[in-house]
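Letters A, B, C and D mark the chains in the order given here, with residues in each chain numbered from 1 onward.
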């Protein structure tokens, strides 16, 4: 029962719980807040995985960027009437059932084949202490092309968003 | 040392919640957020495996996925804004222009 | 040639360069220059050329008699390399960009630049009020350049360059008023007729180089000597005749004279410079330049002489009936050119050149005077509408009188000496030709004075609205007139005592005795020629008494012609009409220039047109009809086929496909609810299915 | 069992203690920063400022704290009580969390994360949620507008400020605070001289990020009563206040670490020892400064009207003298202690200077209009920062490859280039505005 186990358990529970809350809340802003909590918890799990860089990226980009965007839009389009409407669509029971079925299936898959994940025991090999250096190295040496492609993708998305959100299209 | 399966289970749980959320919520914004949730589940998987293998490639892919999520969120929210301006609604089952 | 030449002789290549430079400037950006600038530049450049020519000429004179030949080769122009001559020997064809100054070309450049300068100066006043001032002077300077190239060239090819150049310029300048259709046509006519002659000339050049292996004037004589050509050698004759064809075209001899009268459409200074003084005499110059060849071919000489004589007479007759002042001058030019060729034909090349020079003076003067008259009458050219102008424009009339006397051959004016030379030599060559020349002299005097009297004396027949503003021309036009008048008075004196002939001697040896040429046996080889030349040296010109007689005869007939003109056109002004009525047929014939133009039209021009029409018909019927339309028809047929194929096979298959797609779509459109989440549900369903399948497989793989 | 737990938590004890210290001490510090601000404002406006509570109003912060704690705290009707409660807490938590990675001197740092500076950025970027959610939760139009404005503003200027930082990080070559400072001491130059433009950008960006004047639109009293804090009162409001000042200190610390050479003294590359000793001249600077202050306040003491003030002045003088002694003594202490104390001094001094600059700007410039703000951010700062990164990077390449060792050389060149770019951008923006107004407003 070492520290990182405690941390993992804490973050995992936090993440799942707030995820569930996120899906079930009636008020969108609350959902957003809970999603933020989930993301932060995920970030915590990254930290517990000794991936500081990803932790920071997760916080800055996801929480500090994307979710701010979400909150912003939510506040722009927030309608009080929608609070009193039905929050779930007609297919909710079937959908929930199917979703859970999918989860169960994957769980079954893990249950059956989990032991066949032949991985070196993580304890044996530690990540390099300078995590961000290692990432930068890998990113700009072996993954240059994907990196560029991703930047192009971002550019396109940006233009698309601007065009989409202009008052008069 | 936390076993790998734990991370997998965690990401599975998040995935399931996300899928269910996408499927049952009427509000498009929440659907988008659920999608973000799914992406996060994927990220957790990647991170866990990268930790287990002791290299950073999983993290690279996680970065790409985050990039992707950013792009997707930007465009999706843009669409939602435009739609909201025209139809005064953000409910998925009121967006039925494609119905036959 | 020694290396240290005197300055001007070393710089002869500059002479054509001055006009070339200014003409380039004019034609490139003359449009932006003011008229004064244009005149200063152009006239100045011509004056420079004149200055250098005089300098070169004087320094040439200062050379000892034997070596009055200066050659200046700038660079090798067409190094065509070795080729086989007709007799199979290898020769090296060389046409270099070289200039040659000897007494002949010396005289020529003096005439060209001198008269040219005067006419340029005159044009300042004459063209002052015309449009395209810079264009005019640009062309004029271009002409000067080409003409100087022609006379200074040291080989036939370069001479040909100048030859074509002057042709082009005359075309451009005849058509100077290109808005007038007649002018444009006249230009085209001159150009085409000249082309015929040039074709002959070019052939002549080629044959020369093929036979003699060189086209340098300096080398032709030695080549002939080396070739041991017999007099009357058919190839030599061929060369001579071909060259003469070119000369005839350029110098308006029968049968290629038709362009010259129409060339009067151009501005008067142009007529004066090109069609009287310089260009048309190029033929004479060329024949003289090639005299070495001509003297070896009696036949050619005879042809030249006969054609010259006939042309002289023929043109004179036409000159009598013309009423357009410039047309009269044009015909007289033709006839004078005939005189020159007559001279060349009888072997008196020097006399021909002499007459060329004097003719340049007085004929230039005549044209300029006519121009001044036309200027005064604000454009009137018809002598019927003139008369009594002597009182109104006295200076012009005086100068004209001098020129007229000169051309009529009244001593001691220029025309007398040159014409007398020619007649003298002709008389010794053959009496018949002399007779023709003699008659022609009389007719010349007659129609020239007819022109003079009709224009300047008698009662005025000028239209009234024109009458008021008759005015003497400005000084810029009068001064050249006067200078030329002086020249045409004294110009002939340099020929007294055969000094001119003697000066030209190094270029044109005294001809062998005609009698020998005719009645002696056909002789070949060196010694005979030697003997010939010997005899020629000894052959004293006709006895003095005979000369006196000839002189008296020519003067007498000239005076007679003048008297007749005076009687007909001042005394009994009704007679000409009567005569014209009486000899109506003859008069009409002559008046319409013997219908030569019509004849040419019928013979050549219309035939050419018919050929063109036939070709056109062939094109439109056979080529278009069979080829193009046939192809079009085939294409249309094929396209009809493919249309059918498209509609039924291609489109049909497409439509079939679409029908099928529509069927499936109809079947499957019921699952398209339009709700995005339904689709997601289906996706998840599919996912579950796949997963299940793969788990199944995995199960079997495990167990 | 117990020992095992102790064993487990052993490495966490010291950080936790430090954290507790910071969390306990900082509010007081913030209160005194407020007092300082008011005094400076008064000075700049030729006033005295708070004088009543305590000598020279030295006890004012405590009074304010008591007042705020005793105030009734109101939750507006129809407010979202949960978020209304959570927002200020979030805000202040994130602000204080940033201190975890701040090295106050080489010795005193809670956690040396190897992505420290990014960590601070991330955490401080979370503070925005406090504002947005608070504004939304209080169910008031003023608050909502203020919240949205601040959301937009922070997102915009974070980008600019981050890019400005990056131009400095290029030189630092590391993300951990300690290494950054180390890099500056290695290169022998503060990065403010290497990348002045980057520092400028970060300075403006940081003002905007902390919602200070002239960018204090989210809480613009004149148009939105107090922006997102309209509905807040009492202690929650105090929390927001605390968060703001904490943020000021944090950005000041970042700037100090990255651009102002952290805990290095001026001229880190200049080593001139006192003859005969191993003491460097410049190390004596702090004690001399304190000594001067002490003498000055001693000189002031007689003129104080009231006895108590005389006493206070004396106390001040004594305190300064004491500090001067401490500094001087540290000179003879073994290196770690010496460096620790001096480093802490220099670090705090620089942070104080930066904060003073903030106050100065606040009292000097009028408030921007919102569209002007956005224009400045998107049309000037961000492009400038982008070009700056490129230019500085190229400059570094030139340095490394063409043996152009001294950083200042390339610094001058790059700075000149960047000035040209800035002029161009400003001119372009002017043109754009002209066209827009010609078209009749956006």
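A few comments on the model shown:
Methods note: contacts are C-beta pairs under 8 Å (C-beta built on N, C-alpha and C of every residue); 3 or more make two chains touch, one makes a residue touch a chain.
Predicted model, so just to flag it, every value in this text is computed and none were measured.
The minimal number of chain-to-chain contact steps leading from subunit C to subunit D is 2. More contacting C-beta pairs link the chains of A-D than the other of the two pairs A-C and A-D. With centres set at the average Cα position, the gap from subunit B to subunit C is 95 Å. Annotation: 31 Å between the Cα-based centres of subunit A and subunit D. With centres set at the average Cα position, the gap from subunit B to subunit D is 36 Å. Each of the following residues of subunit C touches two or more other chains: 675, 677, 681, 684.
Chain contacts: subunit B has residues 19, 23-24, 92-93 touching two or more partner chains.
Shown for subunit D are the residues that touch two or more other chains, of which there are none.
Interchain contacts (touch definition given at top) occur between A-B, A-C, A-D, B-C.
Note for the complex: subunit B touches subunit A at residues 1-2, 4-10, 12-21, 23-27, 29-30, 32-34, 36-37, 40, 43-44, 47-57, 59-60, 62-64, 66-75, 77-82, 84-85, 88, 90-93.
On the subunit C side of its complex with subunit A, the touching residues are 675, 677-678, 681, 684-685, 687-688, 691-692, 695, 698-699, 702. Interface residues of subunit A facing subunit D in the complex, by the touch rule stated above, are 2-3, 27, 29-30, 33, 36, 52-53, 55-56, 59-60, 63-65, 68-69, 71-72, 75-76, 129-132. Residues 669, 672-677, 680-681, 684 of subunit C are the ones that touch subunit B when the two sit in their complex. Note for the complex: subunit A touches subunit B at residues 2, 4-5, 8, 12, 15-16, 19-20, 22-23, 28, 31-32, 35, 38-39, 42, 45-46, 48-51, 53-54, 57-58, 61-62, 65-66, 69-70, 73-74, 76-77, 79, 82, 85-92, 95-96, 98-100, 102-103, 106-107, 110, 114, 117, 119-120, 122-128, 131, 134-135, 138-139, 142-143, 146, 150, 153-154, 156-158, 160-165, 167, 169.
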